[in-house]
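Got a structure here, written out as structure tokens. Questions coming.
Chain naming follows the written order as A, B, C, D, E and F, and within any one chain the residues start at number 1.
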Amino acid sequence: MKSDIKLIDKEGKRLDGRKRDELRPIKIEVGPLYRADGSCYIEWGGNKILAAVYGPREALPRHIQHPLRAVVNARYNMASFSVEDRKRPGPDRRSTEISKVISEALEYVILTEQFPRAMIDINIEVLDAEAGTRCAGLTAAAVALADAGIPMRDIPVACAAGKIDGQVVLDLGKEEDNFGEADLPVAIAPRTDEIILLQMDGHLTVKEFDEAIELAIKGAHVVSELQKKALLAKYAVAKEVKQ
Amino acid sequence: MNSTLISSIKKDYLNKLAEQKKRIDGRAFDEYRKISIETNIVRKAEGSARVKIGNTQVLAGVKMDVGEPYSDSPESGVLTTSAELIPMASPDFEAGPPREDAIELARVVDRGIRESEVIDLDKLCIEPGEKVWIVFVDIHVLDYDGNLFDASSLAALAALSTAMVPAERFEMGKDYPLPIKEPPISCTFVKFNKAIVVDPCLDEETIAEARLTVATDEEGNIRAMQKGLSGSFTLDEVKKVIKASIDNGARIRKILEDAVGRDHGKKN
Amino acid sequence: MKSDIKLIDKEGKRLDGRKRDELRPIKIEVGPLYRADGSCYIEWGGNKILAAVYGPREALPRHIQHPLRAVVNARYNMASFSVEDRKRPGPDRRSTEISKVISEALEYVILTEQFPRAMIDINIEVLDAEAGTRCAGLTAAAVALADAGIPMRDIPVACAAGKIDGQVVLDLGKEEDNFGEADLPVAIAPRTDEIILLQMDGHLTVKEFDEAIELAIKGAHVVSELQKKALLAKYAVAKEVKQ
Amino acid sequence: MNSTLISSIKKDYLNKLAEQKKRIDGRAFDEYRKISIETNIVRKAEGSARVKIGNTQVLAGVKMDVGEPYSDSPESGVLTTSAELIPMASPDFEAGPPREDAIELARVVDRGIRESEVIDLDKLCIEPGEKVWIVFVDIHVLDYDGNLFDASSLAALAALSTAMVPAERFEMGKDYPLPIKEPPISCTFVKFNKAIVVDPCLDEETIAEARLTVATDEEGNIRAMQKGLSGSFTLDEVKKVIKASIDNGARIRKILEDAVGRDHGKKN
Amino acid sequence: MKSDIKLIDKEGKRLDGRKRDELRPIKIEVGPLYRADGSCYIEWGGNKILAAVYGPREALPRHIQHPLRAVVNARYNMASFSVEDRKRPGPDRRSTEISKVISEALEYVILTEQFPRAMIDINIEVLDAEAGTRCAGLTAAAVALADAGIPMRDIPVACAAGKIDGQVVLDLGKEEDNFGEADLPVAIAPRTDEIILLQMDGHLTVKEFDEAIELAIKGAHVVSELQKKALLAKYAVAKEVKQ
Amino acid sequence: MNSTLISSIKKDYLNKLAEQKKRIDGRAFDEYRKISIETNIVRKAEGSARVKIGNTQVLAGVKMDVGEPYSDSPESGVLTTSAELIPMASPDFEAGPPREDAIELARVVDRGIRESEVIDLDKLCIEPGEKVWIVFVDIHVLDYDGNLFDASSLAALAALSTAMVPAERFEMGKDYPLPIKEPPISCTFVKFNKAIVVDPCLDEETIAEARLTVATDEEGNIRAMQKGLSGSFTLDEVKKVIKASIDNGARIRKILEDAVGRDHGKKN
């Protein structure tokens, strides 16, 4: 957490030239996969992430079925070559926790009661990882759910804020994550600003927290617009093709 | 189907109580259960503590060993936290490798210790790059009646606060207390039917829509947060929970300090 | 097995001051746990052990059900911090074997035929370990079974004898176990003295064996009285509260 | 039962088509689907490539580390190939340890690299018997519409062909290209209802009776073969498949060379 | 693959004195096991392998059942002491692949459609391993299937050819396998010469391949005769005993 | 349900036989089946033996390697015993990690070797604290018709008795016989319907209420015992079993000595 690295220069610029409240570049592509019922590819800074949705389909094995609603299983996975030192394939404790908090967040927006005894599987594959994969992964998963036509009360979206060099900033990059003082990933349902994912590590005063979460929510709204634009683009093309 | 039915009846009952500002065990929304902490109860452990929060009972043990540091922090000791939801503690826990609940629990406790630098890992270096102390914190849940996050984190802190570095066993001089800094205190809330209650008992956890844990330090700053379950919080609710966490944290910190019998913030 | 350590001094006293046929101090507490159907905490010398019983309840998964009787699963587990060098969590070969012999011994006394298709789970957690955990664990499990109201033909009880410095003694302590010549854990149904658990390691003449097993059985009867006293104490309190 | 019924109907349909020398996607028996290869798409990997064969999509990544050689080849680098059939790629793939399909796939790709000495492992020795380069090739199947053997092997070759040895990261001078020799090219056929077709799509794989993969080199020699499934081939059929593999191999080799942008056979 | 070892001498003799097209000594024993429904012991050069067949019997767990035919599970396993450096017990990637290709090859000859919802288990245990265990194992498994009375359209058989010192030879021995230039294991249904298992590693021209596969098929026919002789021997004895 | 019915019919039949002092295979209660021992049957193993007791067949193999000693016995070799109940041996055995039956078997065989100091582990030290011989004893059950304890223990002893330390392979001089002391011999009994019979066949094991294994040495002393199953023994029954174990042990010891062709007690 401590380091001599200056993360913000005298002009208020961050290592990659961003301003305090500026997001990294984001690119969203809808439907890159053939087999999946819905899919999304996102590039968010140096992150490259695919999300694929299968379902709703009969939940198997049967003992996992819920009689009144669909079960939602998000599986966050990092490709072994997505990080500096090769990661052993398969889930570790970190990915298990991230899968759990993303599953819970997405379950809130999905109208699961429409599909009793069903399951909806969401696969998030991190192909190239920089800081903020859980926010980018959730954001891509939300688009893949929409692409799969899964009924949702809202299209969720995530963004992080944090503290570096004593200042609250938006969307931490890699060095900022490693050497910063706090990271605060947040996911919301953007229509109502309800908070559906929230984690925090580090050190924030109550005032800084208030500032940070508002910044994160504001950032999430910007990302939300990118989600909608990407979906609309595909929808527009699809419509065109139809006509 | 049966268990679905029962839980649906229980849900209705707790929801109705909540509308009357009541809880199933008679507590107020902001009322924590009785906390008791006993330390040094396992002779074989470097440090140990049993924490009871109401009927919930958690045992934490600290063991230490000498090993290699991680290559990216060659001058720091290593911390490893595990949690076992053993079948003793609940008819619903099964033997076997830890499932996602236990993993989330262990990781939240671990972050509470690691990110707040409760253990001064830099003081646990023996030979830079070669030999450091490894600290194993093992959480053993003995009796599960809700709120494992707070109970486990408190048990881990109490066990660490009373742990002795076993230098003698490794022929490195006399045993000495593990260097510990002022720890942040976790406080957990759940939300159901618009009510937000502190320190949920099992029945409340079963029907809860959302959970929020906030760890705060002596100065009232936030050191860790973890939201869980598939419900949501408004920003206002989050802010209220943070405030209540700071208040409860101060009270629980005293209980911890009494139990471990010293004022860590100043002595170490 | 060989060593220069004198385990018995000239006056016939053992390292911890005990006589040849003397047990270590034993403390039994009934019902320390809230969730379990029955529970027991035992301190036996330096051993600290909890036992909890769940059941009878439907055996699941179904393929483990027996159509004519309950299945009995004792699970002996050592906490990772219960021994000098940290033990990896989870079962190892030693605990698997101990779980098996304890399950078999307890099954003999439980009236399993009263609960077809059911299972009875017995969890034995060793929190602090000195020599003799299997005997102490079985003894605690028996009390937890009684506390859970599981019908039994007898309350089983265990005790070990062994050989140190060429002499047969009762209830080996840690050094005696490490450096002694034989260890003989025995469990019985005390009403009939039927032997339900019996293991032996080391070196005993037939004559020494006869002596050792009689000593162990005698010791088990002493422990049996402590079991009954602990159960009566709880029963008496319960009765009092009722009146 | 249902899925048995459906697959039986599909089988009848494909078999009937085959009798008319037709395939479900309109291709000729000897027609390969469109191949596209993109390299260097994962920045964190030493080398990477995404290969599309029709709708099938495979990503291969190469990571390198420094480690110990095997005791029976103290002066050679180490190659390790893994394949994951992640649930993303198909509704039928499950999370968890690799099953026999993924293991066979990884082993066939591995042999294609190892036995043909595509990587010059002897040049990956740093200190004989002590330190060598470990090359990890990881196959990530992203979208499964048949013919994983060819797609995976091609992705692995493209990733290796563009991989840089990360010498800088290990403080051993400047990064340099992984020493690669001219690779053999895999070509896969399946047989059903007496027809033998190249580059099967998923529907064809589902009803296939037998599968044969042949890897051939630049000179038209055979470098590896793997027959699969519970059907049989006559010797004549095997010989025809070999011939067709050589023809296709030459064409695919060009696509690979264009994609990796150099002529390996001569430069290295 | 490269080495200075001469694998063929000037007179065309191989390291163990064999000629180019000569098999190692083979011994086949039918029915050495009591519990199995069929069994076979084979010694093939330095290989010592047991094969046992159980079934057809109900396939369990049920989800592995096929409604129209029996499932065939061959399990190839190497004893931990069967190789120079002790092998960890349990399946590894190599044995998983070999189990798969042997299962598929045997399935072709078994009349599985006669036993819907059943399974046929074939266990191949390599007790002592030299080169060529997959061919020897498949050959023994075929005899065990016949011994178990499993209906087959043919008794399959396997044999390898390979290339050493630039020459195509039959049935590689250990050093030939380690230092040779190619290995080509083949299994056939001998009545029709249909190829049911085929793998190749190494380097063969098309001409060499043609030569090698014909050599392997020829070798397989020799082994096929040994299989039949062994089965007839047992059958003859059985007949004699009957009379 | 069916298998329950069948086993109940078989139980009645064996119980009735027992009342007439008869056994299902015609043996007397105290009659052991024919034992045969073949040694050195696996060329790749340091030592090996196949033991047949009636139809039961067990193969034990010994492999040795050089490795580190345990920290609490730096001058002793290491012994590791495993048992696999491979599916070959019985329709009821399944592939996969060893279950509790196999673990109990391995541990009882291991204790029979370790506690009686059959192998002189102190002579297997190469460099104190650094390098010692590791002895792997692997039990492979090939055909299961009851009494695996005695068959496995006998196979292990025969394999160890004929094992050669592979010094040459590790460039430490010439191979030499593994230093072995006089081993104790295991003898197993089961009890059903008040009868106690030696060397149970599978049918008897299936219906047995209790099992007792006693290992005795040359001098008629007891070296190990293991009671199993959910029945009980009276003290008198235990004493009778011990006596019978000593008698059988003497007879089996001769068979072992003949098979391994030397008198260990004296030579080593």
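Operating definition for what follows: a residue touches a chain if its C-beta (ideal position, glycine included) is under 8 Å from a C-beta of that chain, and two chains touch if they have at least 3 such contacts.
Quantities reported herein were computed from a predicted structural model and do not represent experimental measurements.
The minimum number of touch steps linking subunit C to subunit D comes to 3. Fewest steps needed to get from subunit B to subunit F, stepping only to touching chains, is 2.
Centroid analysis (C-alpha atoms only) places B farthest from subunit E.
For D-E, the equivalent interface among the listed pairs B-C, C-F or A-D is C-F, as over half of the contact pairs agree by residue number. The most distant chain from subunit F, with centres taken as the mean of CA atoms, is A. Each chain gets a centre from the mean of its Cα atoms; for subunit E and subunit F, those two points are 32 Å apart.
Computed centre separation for the pair subunit A/subunit E is 52 angstrom, with centres defined by C-alpha atoms. In this assembly, the C-alpha centroid of subunit B lies 58 Å from the C-alpha centroid of subunit E.
Looking at subunit A, no residue sits in touch with two or more other chains. For subunit B, residues touching at least two other chains: there are none. Taken as a contact graph, the chains are arranged in a single closed ring, with each chain touching exactly two others. From subunit C, with the walk directed at subunit F, the chains encountered around the ring are C, F, E, D, A, B.
Those residues of subunit C that touch subunit B in the complex are listed here as 33-36, 46, 48, 50, 52, 54, 57, 75, 77, 79-86, 89-91, 121, 123, 125, 127-129. If you check the complex, the residues on subunit E that touch subunit D are 1, 66-68, 72, 93-94, 96-97, 99-101, 103-105, 107-108, 184, 189, 193-206, 209-210, 213-214, 217.
Interface residues of subunit B facing subunit A in the complex, by the touch rule stated above, are 1, 4, 100, 103-104, 106-107, 111, 115-117, 212, 220-235, 238-239, 242-243, 246.
The touching residues of subunit D, when paired with subunit A in their complex, are 41-46, 48, 55, 57, 59, 61-63, 65, 82, 84, 86-91, 95, 97, 136, 138, 140, 142-145, 169.
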